[in-house]
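The following pair of complexes shares a single chain, chain A, combined with chain B in the former and chain C in the latter.
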Partner chain A sequence: MKPILDVENLTRIHGPGCPACLEVTGPEHDTNICRHCGSVVAVADASLRLHKGEVLGIMGESGSGKSSLVKMLYFDDKPTSGRAIFHDGGQAHDLFALNEAQQLRLRDMRMGMVYQNPSLGLNFDISAGGNIAERLLMSDELSYRAIRAKATALLTRTEVTPARMDELPRNFSGGMQQRVQIARALSTGAPLLLLDEVTTGLDLSVQARILDLIMELQEVTGVSMLVVTHDLGVVRHLTTRTIVMKQGRIIEAGLTDQILEDPQAAYTQQLVSSAL
Partner chain B sequence: MHPVDTMGQNREGAEYGFAFLDEDAKRELRRTIFKAVCIPGHQVPYASREMPIARGFGTGGMQLTLALLGPDDTCKVIDQGADDSVNAANIRAFFALTCPGVTGTLRTEEASVIQTRHRIPELPLRADQILVFQVPYPDPLVVVESNAAKRRRMHGRADYARLWVKLYEDMVAFDEITISHRYPTRINGHYIIDPSPIPRFDVPKLHQAECLYLFGAGREKRIYAVPPHTDAIPITFNDVAFAVESFRDKTTGKRHVCRRCGADDSFLDEFPDNDGARVFQCSDAAWCDMRLERLEAAE
Partner chain C sequence: MTDTILSVRDLGKSFYIHDRAKHVPAAMGISFDLKPGQLAALVGPSGAGKSSLLKAIYRTYVPSSGQVLYRAATGGIVDLATAPETTITALRRAEIGFVTQFLHCLPRLSTLDVVARPLLQQGVARPAAHEKAARMLAALAIPQQLWDATPATFSGGERQRVNIARSFTQGGRLMLLDEPTASLDPVSRENVCAMIEAAKAGGVAMVGIFHDMGVVERLADVKIELRRKAFEDAA
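Up next, the complex of A and B:
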């Protein structure tokens, strides 16, 4: 199996930071706030590898740093230190060594992101089709008819009726907004998809259909995914491998069924046993 | 070079130097113009000076013109095609007052510097002429991004996808692109400019022109340029052609003509005559007069 993403010692500290920050925070201290300088250690020394066609889960309670990690990989935030190598088309891109234009180009064409809150991933002032068109236009598709056809196909695939593609997404239900977001993320055929709490806040039947959709799309396209969630059901359904985060650290990593059946870290045991 | 100091010698009681602005201000403007010409389409910031009219009434264009004029220049001022509107007449009078030696003219072919509001003359301009635009909103991205710092970065990266999204939304809603003026135009393959509120009809005149086009936004403190022989392409989709106003009658399908000179290829103003009937007339008054003169001479 070939790797598509290699993350090495990624660290993000909010605040001034001091040499002791990493030593006095973490699960063993049960805090992510440095008592010397007051900085918040969002992510510390996170390393992971994602293979081509793999779905990797990132699990943890809120504030554990899982979203921070994904945001850095999507250039929404800058890391304090660490590296991430994105293997794409025979090239290895050192993500944080690229300049801003290169980063955004990579992000627009070769990555997709689905946020928990559709208002982050979608522009509510333009139509659903326009949201998808924006991504296509960023990747230099300048034919109106081709954009229309692609947007229709994508929305059909994500089970949004094309009859509503010219409506504003603000008029859609939460589940439909999430489907439009997924269609937008898929539009450029990117090999890497980042999903941040995609089903949180949706009712159970809609959750199930969104998860089915994601699994189906993954099987058809073979796209690699990083799935951030605090929901054990999502992890069980979607992922083959999982890492568990707490207080900004990766405390456990392994095959999903192994982690769910035989958790090693105390926190993971608590997490698994507290599932309703 | 223009004369450095003629303070107090212009006319009796004059208290300003040649061309109203002080020499430092003119130097800065000229330097800014050079930079704007060197980076076609790039909005160069400058220290817009106070003028004796309010910002928003053409102060950007006036400052450019004042920095360009020398005593042997001939100057023309256009407002929406006409030379005789209040705005144009007063600005021309101001130039006559503050730039002794400069000749005012109404004829496009005689002028060396033409200041214009929202039209490009019908008569093709020559290499020895400069057209100065008054610009209310210099940044085409302002409709899609409200943060000025982000807009500057977007220009740097040529990140204009969201302008095309506007066109897409137009096509979805109306089956055509409905931008009538301030049509976003890509200069020399990189920067997209707001060509000031000229109609679509005038946008193709920016492309590979003989003359220099200078744009001055006084309130927004920006100067940009489309140099001669530079590509200026209005943005559109590959399969949706850019189209100018056709002036075709909806019922007959025939193109309207100017009621004065009979021109069938100029930009027309539509207005009701004294009997309430719709009439059409050249928007460019100098062009219309020139055609009339030629017609009379031919008779």
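Up next, the complex of A and C:
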């Protein structure tokens, strides 16, 4: 299997930072706050590899650093140190060494992100169709007719009725907003999709249908996905491998069924046994 | 040795429960060899570690000691106990199947889709996958009017047969069977046994757990006896 994304020693410290930050924080200290300088270590030394066509889960409780990690990969935040290499179309992009214009271009065309909060991923002041058109325009699609046809096809695929494509997404239900977000993320045919708690806060039946949709789209398109979630059910249904994070660290990684049935780390054992 | 497909060497599994700072042994020092078309039956009282051993071969459990040497279709030998996860996922997709004791599937898929799903994931076209799935469902006597319904509404025995149909639709070179004939009526059990025999004749190697000793006598080429006693001695 070929890698699509290599993350190496990614670290994000909020605050001034000091040489002791990484040593005095982490699961063994049960804190991510440095007692010397007061900085918060959101992510420390995280390394992972995502393969082409693979769905990798990132699991952990709130505050474990899992969202911080994917936000950096989508350029929503800058790392304190570390690298990420995005292998795309025969090129290896050293993500944090690129200039801002290059980063934006990758973000607009070669990556997709679906946030837990749809207001982060969507522009609530323009229509659902407009949200998709916006992304298509950035990817050089210029004919109005072609854009409209593509937006209709994408919304149909994510089960948003095209009859509502001219409405503002702010008037949609949470589940529908997520569907528009997914359609927008998929619109440019990006090979890498980042999903951050996409079903959290939705009704159970809506959650199930969103997961089905994601799974089906993954099978059809072969897109690689990083799936951030605290939900064991999401991990079980979507992913083949899973990483577990705590206090900014990756504490365990393995096959998803192994993580769920034979977790090795004390924290993962606790996490798995707390499933309802 | 060259025609051995699976060589389990001194395989052991124990669990460490952090909460109680306790080691729980499940199986120890298991060794056996298997050729294509052979079936090894794991036998022993409940709690002897049969399922744990099966899951350790599949890597759902991380083996604690020993080797699980598997000869892949490419001819290379892979130690399933230590191989990289991506190697395991690739083998699971194409070569190694696991029939669980219970059917785990999404309650929203039709029976035909549940059974065809592994093939679809392998990239087989929908019509071909559905045709093979239908053949397997028919062979296990699942009434055709149920194929559109979700197995979540089925009886235990029907669900078990859907599970088996799915695993055998996917096929593979090595199949791990965790009590495939439990909770089946005699006719269904006969159908499943016939399906296992057909797979064996086709060269599929299998490791299985069966509660019914008659089934073991009929299908097994190798019998691996697991004893609870071993751990009691160790403790």
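The rule is simple: the second predicted complex is superposed on the first by the 276 of 276 C-alpha atoms of A that agree within 3 Å, B and C clash if a C-alpha of one lies under 4 Å from a C-alpha of the other, contacts with A are read in each partner's own complex, and residues count from 1 in each chain.
The rule we apply is simple: a residue touches a chain if its C-beta (ideal position, glycine included) is under 8 Å from a C-beta of that chain, and two chains touch if they have at least 3 such contacts.
Here the structure is a predicted model, which is why all the values come from computation and not from measurement.
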Which of chain B and chain C A:145 touches, first, second, both or neither: first
Which of chain B and chain C A:101 touches, first, second, both or neither: first
Which of chain B and chain C A:130 touches, first, second, both or neither: first
Partner chain(s) touched by A:240 [first = chain B, second = chain C, both, neither]: second
Which superposed partner A:30 touches (first chain B, second chain C, both, neither): neither
Partner chain in contact with A:1 - chain B first, chain C second, else both or neither: second
Partner chain in contact with A:255 - chain B first, chain C second, else both or neither: second
Residue ranges of chain C touching chain A (in the complex, touch as defined): 15-19, 55, 59-62, 85-86, 88-90, 106, 108, 120-121
Residues of chain B touching chain A in the complex: 153, 156-157, 159, 161-162, 164-165, 168-169, 171-173, 237-240
Parts of chain A lying in touch with chain C, wherever the complex brings them together: 1, 51, 54, 208, 212, 219, 237, 240-241, 253-255, 257-258, 261-262, 264-266, 269-270
Sites on chain A touched by chain B in the complex: 100-101, 104, 108, 126-127, 129-130, 133-134, 137-138, 142-147, 166
